[in-house]
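So, here's a batch of structures to check.
Each of the next two complexes has chain A plus one other chain: chain B in the first, chain C in the second.
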Partner chain A sequence: MSRRGTGPRLAVNPITCLAHGMCAELLPEYVKLDEWGYPILNGDPLPPDLVAHAKRAVADCPTLALRLDPTS
Partner chain B sequence: MTATLDRPAVDTADLLPRLLTGDSELAAHRARFGPLPLAPFTGTAGRRRLVEGIVHAGLRGRGGAGFPTGRKLATVAAGRKTPVVVANGCESEPASSKDRVLLRYAPHLVLDGAALAAHAVGADRVFLCVERGTGHGERLERHLDERRDDPVRWHVVPVPRRYVASEESALVHFLNDGEARPLASPPRPYERGVEDRPTLIDNVETLAHLALIAYHGPDWFRAVGTGSDPGSALVTVAGAVANPGVFEVAPGTSLGEMLDAAGGPTEPLGAALVGGYFGTWVPLPQAVHLPLSHDPTGPAGTTLGAGAIVALPAGSCGLAETSRVLGYLAAESANQCGPCHFGLPAVAEDMAAVIHGRADPGTRNRLRTRLGVIAGRGACKHPDGAIRLVASALDAFAADLDMHLAGYTCTGLRQHPVLPLPDPEDRDREWR
Partner chain C sequence: MNGPILWYAARSTGIVSLLLLTGTVLLGVLGPLRVGSPAWPRFALAGLHRNISLLTLAVLGVHAATVVVDSYVPFRPVDAFVPFLGAYQPLWTGLGVAAFDVLIALVVTSLLRQRINLRLWRSLHWLAYLCWPLSLIHALGGGTDAAGSWPLLLGVLCALAVLAAVIWRIAARRRLAGRVV
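So, the complex of A and B:
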């Protein structure tokens, strides 16, 4: 898995995430769901063309569990 | 389990024990060590010297992860608010007794260490966390009555008796809101913990070593142990050994020598669990020369972890033992994070199916898949530790796994359980 790039990274608060699965629908390239419906994130920096999608997924997470962390 | 204070560790017999000297009363403690060594570390420059001394000593945390203590001190000391110190003496690990033994036999070394750590980071309060109902809180209060001159305010905090309640963010949560379940990060406690202050959380054994470094200096500390894991370490050795108990050893000592420190095996051994219930299984006799420290070693990446070692007789079933412990760990989940709340019981069910001959053709792959997706996805490292234990069992007992999956019944199931589990009567069900 490549860690290069400067885009933001997806992260989830595992306590507030309630497995709504919205994120996997909106960003299937970077979010898979496990057999219990919880997201498995690709934590690599997002490519520029996906950042808008990612922001949408973050905004649409019903429990505000999903976030974007800046790549330091 | 009794402490064995008179059994010298191999190789470094004349240098040990350092911690377990048996001076449980303040007068004897001060007679051996002298006054709390604050004078050499006064002022900002003094505090910095103390932190640098701990960095130079190379002390690593004894609570399981082996994180460099000096680095944590420096981070907490650099925070903007006045920090607080939390001494973690809960020792929720069922296979471990070392912190209990330390608190009983060298309480003032722990208290010295906590006071010195507070001084080093500029904290004026120390929270001493111990499991409730164990008598340790009361004993500490008694010792503190004699220590009116300490430069900190002490708070003894009885914590619910649950495995996860002593995880560091759970302690922060408990101290702030009275609920001992882990918190999501960021922030990490060293950034923002108790009362949103930078919070130094250290295992009580770590703090006792810190005190010894302040008394004797970093070079003295480094005379024992390995270059990257110096000093001595307390280990709890249990299972099929003649003299189970707590021993002070040098990191780098081989597994075989540590078992010998506990009187050696009482019967032929098939494996040992090293590092407690977040640890790894290693096969015996193959791993008898494996040097144990906080640096990963061997095919399973074995470390001393929380210092608990359990010797498993050749006639016992390591998979059955693991299944039993995993059931316990799954039940101890704080049930806040899906991958832990649902994942651990699912893996526990797979393991139970394996050992009871209920496995189906998909079990092996399902186990492997599940073990691959759970770690790193909880708010705390509870699921990671439980998964590591199971993964190492499947490797160390690969031949047994094949037998079980082929439908053979397990004679090990009829053996007496070896890995200790707590009596539910002595544990709490609530988090408050």
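So, the complex of A and C:
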């Protein structure tokens, strides 16, 4: 990945995620879906220009399974 | 204030909010079924669900305000929020006011969804299935147009649409047994 960032990292709670797939629509740069519709996240720190999109994906997840963890 | 303009405004905002609320409910019922297409992705449908619900609330605010302002009906500001208190058609109006209160609760908890317990939000959100029929009964029973043919037809169409969506959702849940939809 050439676009390394220092921002927060995406994480998903695999228990509460119900494969709504909304996150992959809102942040395709960092979220792909597996064949069952569950997200495969890129766990690298987000570049600054994607943080706002990531926040939107987190807020719009129907089960609030997606979160942003600060990079320590 | 008095006069037919207010009465027209109350009726038209009532009908429009019933249509908007029906649209909100349809999008809400179908949302978890993962309907969507490249042109209408799910996040757009979810955004539409939210925005139409906000619009519904705004139009309902005008609906209630016109009835309060219209001195022809004895309807005080407090009657717009506390059901079954007013002197004007207490049953039909009260049902509408109850639905209004439920809708306010649904919108507020949804706007705060990230800050409150998700289980609480979800259980409260089932009240949408109470809010919408209350509104429909309020419209058909209390609406002074309801006996007319097209408002009645509109109500029946709204009911059929929501019924079809709910049946679709129940059928989909059976198919995906075990997965919560």
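The rule is simple: the second predicted complex is superposed on the first by the 67 of 72 C-alpha atoms of A that agree within 3 Å, B and C clash if a C-alpha of one lies under 4 Å from a C-alpha of the other, contacts with A are read in each partner's own complex, and residues count from 1 in each chain.
Simple rule for what comes next: contacts are C-beta pairs under 8 Å (C-beta built on N, C-alpha and C of every residue); 3 or more make two chains touch, one makes a residue touch a chain.
This one's a predicted model, so the numbers in the text were calculated from it and none came from an experiment.
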Clash or fit (per the criteria above) of chain B with chain C on chain A: fit
Partner chain(s) touched by A:Glu25 [first = chain B, second = chain C, both, neither]: second
First (chain B), second (chain C), both or neither touched by A:Tyr38: first
Superposed arrangement, angle subtended at the Cα centre of chain A by chain B and chain C, nearest 10 degrees: 120
Partner chain(s) touched by A:Ile15 [first = chain B, second = chain C, both, neither]: first
Chain B versus chain C as contact partner of A:Leu64, first or second or both or neither: second
Smallest separation of CA atoms, chain C relative to chain B, angstrom: 9
Chain A residues contacted in one complex by chain B, in the other by chain C: 16, 37
Partner chain A, residues of chain C touching it in the complex: 31-32, 34, 41-43, 46-47, 113-114, 118, 179-180
Of all residues in chain A, those that touch chain C in their complex: 16, 18, 20-22, 25-26, 37, 59-60, 62-64
Chain A residues within the chain B interface of the complex: 13-17, 19, 34-38, 40
Chain A contact footprint on chain B (complex, rising order): 183-184, 336-340, 342-343, 346, 370, 373, 377-379
